[in-house]
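The letters A, B, C and D name the chains in turn, as written, and every chain counts its residues from 1.
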Amino acid sequence: MSHNSFGHLFRITTFGESHGPAIGCVVDGCPPGIALKETDIQGFLDKRRPGQSRFTTQRREPDTVRILSGVFEDGDTDGQITTGTPICLMIENIDQRSKDYSDIKNTFRPGHADFTYMEKYGVRDYRGGGRSSARETASRVAAGAIARKVIGDMTVRGALVQVGPHGIDRENWDWDETDRNPFFCPDAKAAAEWEGYLDGVRKEGSSCGAVIEVVASGVPAGLGAPIYGKLDQDFASAMMSINAVKGVEVGAGFASAALSGEENADEIRMEGDSPKFLSNNAGGVLGGLSTGQDVVVRFAVKPTSSILTPRRTITGDGEETDIITKGRHDPCVGIRAVPVGEAMMAIVLADHLLRHRGQVG
Amino acid sequence: MSHNSFGHLFRITTFGESHGPAIGCVVDGCPPGIALKETDIQGFLDKRRPGQSRFTTQRREPDTVRILSGVFEDGDTDGQITTGTPICLMIENIDQRSKDYSDIKNTFRPGHADFTYMEKYGVRDYRGGGRSSARETASRVAAGAIARKVIGDMTVRGALVQVGPHGIDRENWDWDETDRNPFFCPDAKAAAEWEGYLDGVRKEGSSCGAVIEVVASGVPAGLGAPIYGKLDQDFASAMMSINAVKGVEVGAGFASAALSGEENADEIRMEGDSPKFLSNNAGGVLGGLSTGQDVVVRFAVKPTSSILTPRRTITGDGEETDIITKGRHDPCVGIRAVPVGEAMMAIVLADHLLRHRGQVG
Amino acid sequence: MSHNSFGHLFRITTFGESHGPAIGCVVDGCPPGIALKETDIQGFLDKRRPGQSRFTTQRREPDTVRILSGVFEDGDTDGQITTGTPICLMIENIDQRSKDYSDIKNTFRPGHADFTYMEKYGVRDYRGGGRSSARETASRVAAGAIARKVIGDMTVRGALVQVGPHGIDRENWDWDETDRNPFFCPDAKAAAEWEGYLDGVRKEGSSCGAVIEVVASGVPAGLGAPIYGKLDQDFASAMMSINAVKGVEVGAGFASAALSGEENADEIRMEGDSPKFLSNNAGGVLGGLSTGQDVVVRFAVKPTSSILTPRRTITGDGEETDIITKGRHDPCVGIRAVPVGEAMMAIVLADHLLRHRGQVG
Amino acid sequence: MSHNSFGHLFRITTFGESHGPAIGCVVDGCPPGIALKETDIQGFLDKRRPGQSRFTTQRREPDTVRILSGVFEDGDTDGQITTGTPICLMIENIDQRSKDYSDIKNTFRPGHADFTYMEKYGVRDYRGGGRSSARETASRVAAGAIARKVIGDMTVRGALVQVGPHGIDRENWDWDETDRNPFFCPDAKAAAEWEGYLDGVRKEGSSCGAVIEVVASGVPAGLGAPIYGKLDQDFASAMMSINAVKGVEVGAGFASAALSGEENADEIRMEGDSPKFLSNNAGGVLGGLSTGQDVVVRFAVKPTSSILTPRRTITGDGEETDIITKGRHDPCVGIRAVPVGEAMMAIVLADHLLRHRGQVG
């Protein structure tokens, strides 16, 4: 059952609300013997952490992770290693600003999950979005750091390829550039332009959407499982589970609908002793199984629904009203979705690596 | 574990290869007391059945479904009803043309799963695509017919909204039109134009992609589950599991990335005693839970990889060669994906209806 | 979800009712490349098949199994091998005697599931017990035959060690003897005595219970998973899922409660390069993980509830009445439970072998 | 996947080692709107807490539980209620005595999981048994307290019915008595005798086993699911997952093997408008579904393996040696297994209540 769990053999279960005492997750099924300490995880959390530039929420959370279980001293070194038992990661909430929540306690913010949580459960923790807050994604990033260790030599990298209506020029793609601007943008020129655009959005109290691309290299051929455990299916599931995501595509994605069969199917040649595809419209997945090429997944994030313009809405009592959503919000939540998308891809790959090993050896 | 199963409380497990003795599925968890006979299912299978127009494969399969278990005579009527035990549906393969498969036995067709299945399993049933054949989707459609009965008053309808590069004009949308042309196209004008386009594609031995839109009406608010059982996440998973699908989006989807927060968030007013959203960019899902609006999901299907133009590829022994894929193929596999997409949406809704009832009552 | 499925990586889903068209199962997750043909399975089904002696039901079912999917010709030999895709096994029901079911249509047989199925579902297929019939166990035996191939060199053997109040003398244990009497009894002397006892039970139209012991040898140390995937936990689950089973124990089992710590804990010495336990009260499992010793599981089967003595009961309308259960029943259903218990142990071991390989490599 | 999770719709995932920073669990799927505060859980933890009499381990753990998520203020009262999101319960380890573990660091204690964990994972947290410590059962008891709230009017009670070779006299059964002696014994006379017996065992540095009986009343008819989600199957799984348990039985259990069909099958009459069974050999379960009678489950716990008598064993390097297990151990771990068994039964019932509601409504 997958209410709050994801994956099968490498399985995460997350818990926690935005303004509760703590958030965290249990990672079950991790192989034993993997070196793991808090600092291995912290670096990835820092990348996702809010408040690092003026383009993300100004909430100040140190996001310090604590490993509560599942690791032990390594007999051979001074370090500690995973033991094969569940790894519980906890991140305490520190900066739950004690503000007045009367604005949203009984009013549904358009574009938020306020209305639907109330319809489903009849109760909701409205402070900071409660369980539906993007704060939950810190748990994913922490789990993703462990997943990266499981998949070993495979690398997973993400980049922001569109902000609002402004895409990158793929000719300028430089992975190193993603570390040099606050947008994880691989195109230095686009990044410079986005800065002005996003300043405008921010100053207007508005928001914008984004498209993220995540790429895995070094994925061996044959990961995945027909028919309902397809690798791309699990990527779609993983990415669509991230807050605010409205679309996912693999390889040529939606553009493939307009291609002819001749253009689309990736031809194959040999390069030395190995097969080499001459293009990658498949995005590294055929029939739900990895081809050995780069796995390429993109997902679209809608604009943050928390904006300063008054919006028409209703209260829990069915009264019509208007609402302005103040507070500390990301003008473009898609920026911080980059490390989250990377984490989810690593988690899917780790799960399928173990699943493949289980069935095929 | 989800190798060949989908869903939790309403769960399907499919089996079978394109040219084996039979395909089918086991539907587990269906509520008892639902009237169900073969003819309830057959109508949907007929809609998906190949060979119904010159635009789909000419393989002639009656696709006659047989219910092997899970139903019994109704004490109150002459009919038969579900008993709450697993329903096994079997469809025998009839028209497995005994052709010479030497072409593909040891050669990987570009764009097909030949290479990846071989990499994973070291063996594959290459006849007609084996397990990776779109023939498996007949099982989904059969299961979907049962799912429709479970979701009762909710309706699920699908339409083809783009063929190759040619989209519809949404101003012309007429659901009734989808029954009047061989494309399930809701725009009569577009359908007429597609006919000529597809004749051209077919005569060239080429193929094209498509975009399908599936809409559910009457979905109560509150279905779905945070965080990893989101309704849209399961739609993404369901649609991406269909053969040849490369992208999925909900509501405004990828276009939402270019919207501002003001444009995107659907405002809410009252209509009588009920909330009414003034737009539906969310596609009926907020925070992973249904809003009560129409659920709108689109997915992109790549062009069929079986084309008559010679393509470069390799053999299982690593020799470079060229291949032409003859046989009985759909020039646009996206057409028959319409009833399949409908079935998958019905299955997701049935599962979540039962899951919601389980947790919330 | 486990309504009608068992296992995780090696997972079976069974379907079918006693008097429906067919029963069967889907085996998902089987490794590829394993030689498998119908005759490999048939031998085990024959062992469980009814009507083989006067001590089992006289229903005449050939129990001919048909493999519908998941196998394909082996490239290297003339045989066929598993492909890694789901294997559907179907057994048609032949001898559904078209009798008058008016006796039990609306009357609940004591000790049977008639009452509880009706309470749960409001409908039941009462013919021959429907889904709750021991006929379902044929599917388990068929799946178990595949599981045996997955676990390779491990052997799984079962024996009847008690019939009614009559146990065996363990000093006489001879595995070969289990093939020489109709009870799978490892003690020739006991078997001879049981014959007279069971003839008496049968002639009185009465029934008796039994205890079955299943032993696996060659199980490598380390299979199983703490804390809720313990090997012995899954044996308990597997055996308790068999019809009429009321108790399961591992190793010394219930008797261990009366032992002292000194008596119970199995001491360890070395034998050459390998650890050797000096006793096996643990039954081959410590902390939920296999020790490398023989795995020993016992389970108790209650007496068949179908007897000729009139019993007090009620009808579906709440009227008090008496009932005699005629028909073709096993006087001791525990006999045919031996191959079923073997099958379930093989299935658990196959699942854990793959799970172990998945996590630990 | 069930490495460290149990249940489906009401699902627990536990984490933590005996001497790590904390243990705990995530309870997922709990219905919303249930009043829940720490003190509701604490009472049950106190019942299981060590160090409460001289007959249990002298480790001093306050076992203070903290709710980290899944509850929020109730709009209608001053209290707090469940929100339907995952409930994380954390119990910090306080009294991890900083002792010298050199004795067991590299030596396998007979009867313990030391050897098997090492064989499986190649590493183990040997401090206090690590993950295999009975300390994990505190998480079960905490989750069980929530499960009790889910099952509402159903009551779950446990009792110790045998200590070493000494059983109770069922004629003396008095549930109230279980609160008046340190053994949860329902027979005052037996309890008095056990005191002397256990003092002897304790002073010898030996240990003994026990049998626990858990009874649920008020269970509605129809809970459970054929064929692999049987209620008794899940009880068997639940109880066998508890540390040191070697056998589980339902109703007449193993004794039913010696009964005749006439003796065993519980006859049915009407009592007013309701069915009334004239006996309960079934233990409240027929065909895997509850009958509405009391559910009765017994399980056997082996003697604690930690004893002061030297035992033969080996080291991790394959050297033969002797070992004495000192430390703070329960002479009869079966005593504290009573609240654990109650918790597991409540968890199974909660899960099946939600599952039943999901499928049948």
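To be clear about the criterion, a residue touches a chain if its C-beta (ideal position, glycine included) is under 8 Å from a C-beta of that chain, and two chains touch if they have at least 3 such contacts.
Computed from a predicted structure; not experimentally measured.
Taking each chain's centre as the mean of its CA atoms, C is the chain most distant from chain A. Seen as a C-alpha superposition, chain A sits on chain B after a turn of 180°, to the nearest 5. As a whole-number value, the distance joining the C-alpha centres of chain A and chain B reads 27 Å. Centroid to centroid, with C-alpha atoms defining each point, chain A and chain D lie 38 Å apart. Rounded to a whole number, the gap between the C-alpha centres of chain A and chain C is 45 angstrom.
The multi-chain contact residues of chain B, meaning those touching 2 or more other chains, are 1, 3-5, 8-9, 14, 29, 32, 84-85, 120-121, 131, 226, 355, 359-360.
Within the complex formed with chain A, the chain C residues making contact are 1, 8-9, 29-32, 84-85, 226, 354-355, 357-361.
If you check the complex, the residues on chain B that touch chain A are 1-6, 8, 14, 108-113, 115-117, 119-121, 131-132, 136, 162, 164-165, 201, 206-211, 221-230, 232-237, 239-241, 243, 246-254, 256-270, 273, 275, 278, 281-283, 285-292, 300-307, 309, 311-314, 318-320, 334, 355-356, 359-360. Contact residues of chain B toward chain C in the complex are 1, 3-5, 8-9, 11, 13-17, 20-24, 26, 28-29, 32-33, 66, 68-70, 72, 74-75, 81, 83-88, 90, 120-125, 130-131.
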